[in-house]
Amino acid sequence: MGILDVKGVGKRFGGLQALGDVNLSVAENSVHAIIGPNGAGKSTLLNCLVGKLIPDTGSVMFDGQSVLGRKPYEINQMGISRVFQTPEIFGDLTVMENMLIPCFAKRDGAFTPNAYAAMRKDTEMLDRAGHMLEEMNMADKRHMHAASLSRGDKRRLEIGMCLSQEPRLLLLDEPTAGMARADTNNTIDLLKQIKDDRDITIAIIEHDMHVVFSLAERITVLAQGTPLVEDTPDKIKGHPKVREAYLGESQDAA
Amino acid sequence: MSKMNLTRRGVIQTGAVAGAAGLTLPTYLRADGHSGFTNAPEGSSVTLGFNVPQTGPYADEGADELRAYELAVEHLNGGGDGGLMNTFSSKALQGNGILGKKVEYVTGDTQTKSDAARASARSMIEKDGAVMITGGSSSGVAVAVQALCQEAGVIFMAGLTHSNDTTGKDKKANGFRHFFNSYMSGAALAPILANNYGTDRKAYHLTADYNWGYTTEEAVRTSTEAMGWETVAAVKTPLTQTDFSSYIAPVLQSGADVLVLNHYGGNMVNSLTNAVQFGLRDKQVNGKNFEIVVPLYSRLMAKGAGANVKGIFGSTNWHWSLQDEGSKAFVQSFGTKYGFPPSQAAHTCYVQALLYADAVERAGSFNPCAVGEALEDFEFDGMGNGPTLYRGEDHQCFKDVLVVKGKENPTSEFDLLEIVEVTPTSQVTYDASIFGGELGACNPGA
Amino acid sequence: MFGLEAKDFRLLLLVALLTMAAPFILNPFPVDSGMAQFNAGYPDLMQRFVIFGIFAIGFNILFGLTGYLSFGHAAFLGVGSYAAMWMMKLLTMNVIPGILVSVVVAGIFSLAVGWISLRRSGIYFSILTLAFAQMSYSLAYSVLTPITGGETGLQPKVTDPRILDAALTGNAPKANLFGLEMGSSTDLVMGGWVFTFNVGYYVAAVVMIFAFYMSIRIFRSPFGMMLRAVKSNQQRLNYTGLNAKPYTLAAFVISGMYAGLAGGLMVAMDTQVGAERMFWTASGEVVLMSILGGVGTLIGPVLGAGAIKYMENILSKINKDILYEWFAFLPDGLQDFVITLVYPFIGKGWHLTLGLIFMAVVIFLPGGLVEGGQRIAAMFKRKKPSDNTPDGKTTPAE
Amino acid sequence: MEAIILQVLNGLDKGSAYALIALGLTLIFGTLGVVNFAHGALFMIGAFCAVTLSRIISLSHEVVDETQTDFLGNPLKVEVPYVYDWFGQAAGDTIIDWAVPLSIIFAIPVMVAIGVLMERGLIKHFYKRPHADQILVTFGLAIVLQEIIKYYYGANPIPTPAPSAFVGSFDFGIMLGFEPNQIIYPYWRIIYFGFAAIIIGAVFAFLQFTTFGMVVRAGMADRETVQLLGINIDRRFTLMFGIAAAVAGLAGVMYTPINSPNYHMGMDFLVLSFVVVVVGGMGSLPGAVAAGFLLGILESFASMREVLNVLPGLNQIIIYLVAIIILLTRPRGLMGRKGVMED
């Protein structure tokens, strides 16, 4: 039993079988990567985990509770935070406010009509958000509009926002997609540090093998909607099936 | 502080400063209307408020009302040819303003919305010191502004408003109406319709779905049914309707042979145009020619409907082709100044302005209560509608009503209606109590 | 002070001072001068400034913060007005019950409309709100005439039951606050100037200052932040464990209650209600007010409301005679020419001016009048050497 | 039965007007992504093209007729149109009589010019601005346009009749075997329906079968890609705006005999046309047409007295009621695409 158990999940879009029969278990406090060529169903699987999609068959259990049929915000409140492929932040708000929102969501729940409360007096929240910004090395940018941050900073901010909720499971959807090598390495370092600093489970969907092999403790290879193999990074590296799946893909990509 | 006090003029000195923080200068504090009524004119002039639609669909009608008011002011101040002052039976007006005070005026835009009309009336009362408000071209506005004037303590001389409510259930002691109403239209029209179309007719009503429509339908129905007509159906149409085809198409199927359009303004122009388009008037039903009736006509609306009005009966308050001395004098005066004949809206507004001025002269005071008393049960002549009574019980004028017909061969763009009959006052008089409402006491304001 | 940041408190204080001193500020010209036409310090218009200010402040809580563009807010204003009017007819001419009930009724009505309309977003939401408002208007004008008075609207009458008040003697009932009549005024004459202090205006002004204060509280609360987050990125909000729907619904109801409050005050100041108060153009007007003043800013909507009401009431009253008076100093030919040039834009042409100003503001000042003010302020600042780095971006504009 | 057939006819006729106006609106939205609140004003300007042309045609000079007097007792001045002098009275009358159909030729270049001018002068600068700004600026433009028209033509409706050849109505009832006069419909409205069908068909064919149309459709789907292909999509979109303006204008021209045009007819149609477009689904041409006919037919049925006797006031709210029901059951209207105008 892992913290996240996916059993027999299948999803069809019209005539397309996006997910076949996915079985997956993510162990608590591990870093688990899901890799696979384009169209393998990685994103569909992720969307099934966070409530954006409801699978046609199977079950998804988080910490012993089913997430199926729950809304994204409910699943988040259960302890799953998601980082998007392109950073999803509140662009019109300041960096500080971006960080405050998840803090409030963690403390006050999905809806609190605290329309009369003065935010600037809520030192608990301000401190928590401030600490998180410091941890992310963004304290000096707290008054900037989030939209004006660099791509790398946006990514940091988004990860920081997720972490401020103290999630038990952090889902990352290709966190380094489109990044320059330097930024990618920074992100890897950041994730490693996160892993070292706290008790957290990380599930990562990734394309970039460099990232995967730097971070993951276990890897599931997905192809055509079904898990091909699941094993440790070392074993995966030399696995013939993986090579086959990836060779085909790399030719396409060229 | 607790007295209603809306005036700007006639400031008196009390020397007291109350509550106005930070004022060190010697000040004059207006505490009360010295003269005992709102906006008592002091100095050499008196201000009247002309509240007419200047924007919105009735803007042209409002423009004509404003022309009439300007003309009336000119005449009151002794300018021009004196207009109706020469034919008016009361000779109190001297052409030297009102009570020797030069008449000035302010204008406002009602937008034909009661909120906007009240806002502009209040600005004229509160800011400009108007002692009387007049004008408007719908009953909604008339009732709203009348209630305001009652509260503020000024006289309201209604402009064009045809609903029974204005001097019926919503009548007010400070409000007066010269224009006729739905009841009178019905009473005047019915005999003419019976003479021309026979007493065995089946009528189909299309009625604008608001107060004025209801009272007009009621009036025409009652009086035509009394003549022996049968009402086949009455369908209400939304005010905002522009295309009436779906209401007109089923008329022929119903077996009706007369269509009554209880519509005004844009509604009337469109519904009549649509009805004629459907060729209703070329049809034979029950062995008779199909006919259309428009209870309330105005020349401006007839102009909008163009050739479609030809031969269609309706009623109107006044028409420039009347040949009595008063009408001729007014048409002469207005036509010379503006180059075209006045509309009925212009006429009623001009007359209202003169009647007010005359009442002030006779009362010897601008006090609304005195003016109201002078107007109540006032009988006059020479204003274009024959002998007229301003009935004291409901402040409604009783006078002859014109039944008109769209002219077959107009000679100009103004020559659209011809007078068929002048229904005498006695036929359109009713008991003041039938519409309910409470006049209340006159309110002089301050 | 009052739980506000110093900057916000200064703004509140400024607004309070301006509203309290409005009779002076709005009457800058002596009564007998030619410019007196531009004086706006008479009770009706001052009352309208603050009432529409409240309406726009409330609308801005929904539109400015969440970005949901309602095209039906006039319906809540109208419903509030009807409720207040019925309180005046049935209970008492004291304005307190009327105003309270108008807020409650508008709140309930907006809860129902919001609950349905917020199932959709974007223009689909706008059209749903528009549809509800237009239905309210149409029904109030026609089949609901027994309740709404239809075309002629409702006014308090001597014959109304009014169970809490003593019987009236003949005269028209007047709205009051424990005996203090809304219509009563005191004039202060200073030289050629006359300043009018009206009870109704000050009652409305106090309510507006309170409404403005509440809106600052909302803007600066976590709740207000969540509303801005809804506008900024609903996706992220959902994945941050927050349920956007109750937030938007709460904002909708709050702004509906503001509209109801404005409607109730309108009846309290001027005892009349008509259905056209709910027509879609009235809803459009409050949208225009917000955008003209500056969406999402605290003070913008109030400025926008003032600007539009000023044009409607002052510009529309200028007629040709007044123009001739003004330009009397010009030689005849030139006078006629100038008047021909100006005339289309004033009096009955005030709509044209309004349209042109909207276009100009949207094209050149997307942030509305507030942005205009900021630009002017920045121009002055730039001249001074001590240009402290503007941290204007740090907090949402005021 | 007769009543129902009649209301279907009414619905088709009303629907064709709605569809025609909504078509241009959704075309502009679909191609340019602009919410055009001035579209109603374009419809109104079209109608005033007809008014203007008929005034030009009947330009007159005054001839004093000593035998008649005017209202002030002076000799009557009779207005004699120049066309009488040029072509004789009979031919002159015919020309004046056919002013509305002639206006179509006059209106097309005028409307296209206005549309192009509007796009180049104003709308162009608003592609990247929020929809609220687009709404406000075009709404401001609509007010300005209608005030200009009001300044020159007044507020009163101006009668603009159809040629006398089309006066009266056609008896469908006899054709279908009913009694005479049971199902009649005016010739001009039948023509309007046919005209609308032709215009709608032409717009669809144009988009479907011409290269220009294909590029525009591709642009509607994905503007950036088309631009990457090196096609000057902007110029085509400008022309598209001109075409949409012309469609609205023609709808206005042909509408003049049905209802006398006035300066606020555009505003009267504006809300309705937006409801039609949204019910059809933003940016969907077939949706707009389908919604136009649907609302037209339902509105007609709601105006039947048999219906009103049961549900008084239904005719007041039917359009909005239908809009609410459709939007609640079909989130993006009848044929809307996901993600369009939802933020």
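Which chain is which? They are A, B, C and D, in the order written, and residues in each are numbered from 1.
Throughout what follows, a residue touches a chain if its C-beta (ideal position, glycine included) is under 8 Å from a C-beta of that chain, and two chains touch if they have at least 3 such contacts.
What you see is a predicted model; the values in this text were computed from it and never measured.
Looking at subunit A and subunit B, the chains in contact with each of them are C. Summarising the inter-chain layout, the chain whose CA centre lies farthest from the centre of subunit D is A.
When every pair of chains is scored by its C-beta contact pairs, the maximum goes to B-C. Relative to the whole-protein C-alpha centroid, the nearest chain centroid is that of C.
Subunit A and subunit C have Cα centroids separated by 46 Å. Per-chain CA centroids place subunit C at a distance of 35 Å from subunit D.
With centres taken as mean Cα positions, subunit D sits 52 Å from subunit A. Across the assembly, subunit C contributes residues 138, 141-143, 351 that each touch 2 or more other chains. Residue positions of subunit D touching 2 or more other chains, listed in rising order: 312-313, 316. Along subunit A, no residue makes contact with two or more other chains. Contacting chain pairs (ordered by label): A-C, B-C, B-D, C-D. Against subunit C, the residues of subunit D that register as touching in their complex are 35, 122, 125, 129, 131-133, 136-137, 139-144, 147-148, 151, 267, 271, 274-275, 278-279, 282, 312-313, 316-317, 319-321, 323-324, 327-328, 331-333, 341-343. Interface residues of subunit C facing subunit D in the complex, by the touch rule stated above, are 67, 69, 116, 119-124, 127-128, 130-132, 134-135, 138-139, 141-144, 280-281, 284, 287-288, 291, 295, 344, 349, 351-352, 354-359, 362-363, 366. Against subunit B, in their complex, subunit D makes its touches with residues 2-3, 6-7, 9-11, 13-14, 17, 68, 70-72, 76, 78, 150, 154-161, 167-169, 181-182, 184-186, 188-189, 257-260, 262, 264-265, 268-269, 299-300, 303-305, 308, 312-313, 315-316. Of all residues in subunit C, those touching subunit A in their complex are 3-5, 214, 217-218, 220-226, 228-229, 231-233, 235-244, 246-247, 250, 254, 391, 393-395. By the touch rule above, subunit B contacts subunit C in their complex via residues 1-8, 11, 18-20, 23, 25, 27-31, 54-55, 59, 62-63, 66, 106-109, 113-116, 118-120, 122-123, 126-127, 138-140, 143-144, 147-148, 150-152, 163, 165, 170, 172, 209-212, 214, 236, 238-240, 438, 440-441, 443.
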